[in-house]
Amino acid sequence: MLMGKVVGSVISTRKSDALVGNKFMIVEVCESMKSEGQRLIAIDKIGAGIGECVLVAQGSAARVGSGMENVPVDAAIVGIIDD
Amino acid sequence: MLMGKVVGSVISTRKSDALVGNKFMIVEVCESMKSEGQRLIAIDKIGAGIGECVLVAQGSAARVGSGMENVPVDAAIVGIIDD
Amino acid sequence: MLMGKVVGSVISTRKSDALVGNKFMIVEVCESMKSEGQRLIAIDKIGAGIGECVLVAQGSAARVGSGMENVPVDAAIVGIIDD
Amino acid sequence: MLMGKVVGSVISTRKSDALVGNKFMIVEVCESMKSEGQRLIAIDKIGAGIGECVLVAQGSAARVGSGMENVPVDAAIVGIIDD
Amino acid sequence: MLMGKVVGSVISTRKSDALVGNKFMIVEVCESMKSEGQRLIAIDKIGAGIGECVLVAQGSAARVGSGMENVPVDAAIVGIIDD
């Protein structure tokens, strides 16, 4: 997983039916992490807010353990890191 | 996922039978995203047009949620980002 | 997927039994694509020749849609791009 | 797999239910490895301590062989390298 | 797949039970390949020796076709390249 900071979100009205109801957060990868400073879009299922530091799972990991097996996502916020 | 802009398309007449009927779009990754400025080829199932800003799912995510389990693709346009 | 040019092939006599009968092509990633100029080895199931411009699917995508579910490959030529 | 050194850990109180009970270690990739010097977060199921040199499996590999098929993780410490 | 040269091996006494009996080889990626000059750890099921030039499959490909579906590995030597 990588650690990142939620810096915003994006809205997509026209999207895959399987994606309806999901929030797309913009996550900026934390310093010293792999891909430092770069951004990716992750689904948020745990209610992370802008400015929070989060754990992001990538690849097929983004779809396991939360009933999202059939949702076309490759990144998900799976935890909020304690201060 | 990553955000990118559709900048063109490619035609492949000789291809895997499983790919017949799909459109191959050239997507350029948006600024500040991971792999910024680089291009990849993604299948389009939602009717994105050239110049539109899109959400691209990579890896096995490209094949779930849209009946493409047996189609050899590793990137798909899954949403169009609102202006 | 990525676009690349077939620039050669490699021979492997001692290999996994599951790989017997496959051709290993050296593909050089096209300009402006992600990983531009770099090379990878892809299985060819559609008869691409040296010098041809091809579409390469990576990851598990390389094994779907062509009866290769049990073949240990992570890249496959899935289309030849029209001139 | 990659070789890395355990340099710390992170705590996440609010997380995916499927992640409860797991330890999140910060692993710094060893010199000369791919992504040298960069850090990632890996689940630890074998009791690695800070300062130890470990083997990390990434992607879906992080979830096989240890009853974690439904845990949203993309990196796991799977071995401790002998001195 | 990538082409690399076997440059050594690592020993891990404390490891995932599912990994027992496997050899961990250090492979250095060949010139002009993606990730040129970088190293990764791959399982060897075909008896490659140090100094040999090999084909490495990454990701889930490392676990198919050789009864390793439940072994947490993300890279495997699947062929030895002829001289």
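A, B, C, D and E label the chains in the order they appear, each numbered from 1.
Here is the rule we go by: a residue touches a chain if its C-beta (ideal position, glycine included) is under 8 Å from a C-beta of that chain, and two chains touch if they have at least 3 such contacts.
Note that the structure is predicted; figures quoted are calculated from it, not measured.
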- Compare the two sides of the chain B and chain C interface and say whether they are made mostly of the same residue numbers, over half shared, or of different ones. different
- Task: Would you kindly give the rotation angle relating chain C to chain D, two copies of one sequence, based on a CA superposition and rounded to a multiple of 5 degrees?
- Result: 145
- Message: As a quick test, compute the distance in whole Å between the mean CA positions of chain A and chain D.
- Response: 19
- Task: Would you kindly tell me how far, in whole Å, the mean C-alpha position of chain E lies from that of chain A?
- Result: 31
- Message: Going by the contact rule already set, what residues in chain C reach two or more other chains?
- Response: 35, 59-60, 62-63
- Message: Graph shape for the chains shown, where an edge means the two chains touch. Line, ring, star, complete, or other?
- Response: ring
- Message: Considering touches as defined, can you lay out the ring of chains in sequence, from chain A by way of chain B?
- Response: A, B, C, E, D
- Task: Report the residues of chain A in contact with chain D in the complex, numbered from low to high.
- Result: 1-3, 32-36, 45-47, 55, 57-66, 76, 78-82
- State the interface residues of chain B toward chain C in the complex, per the touch definition above. 10-19, 24, 29, 35, 38-42, 59-60, 62-63, 69-75
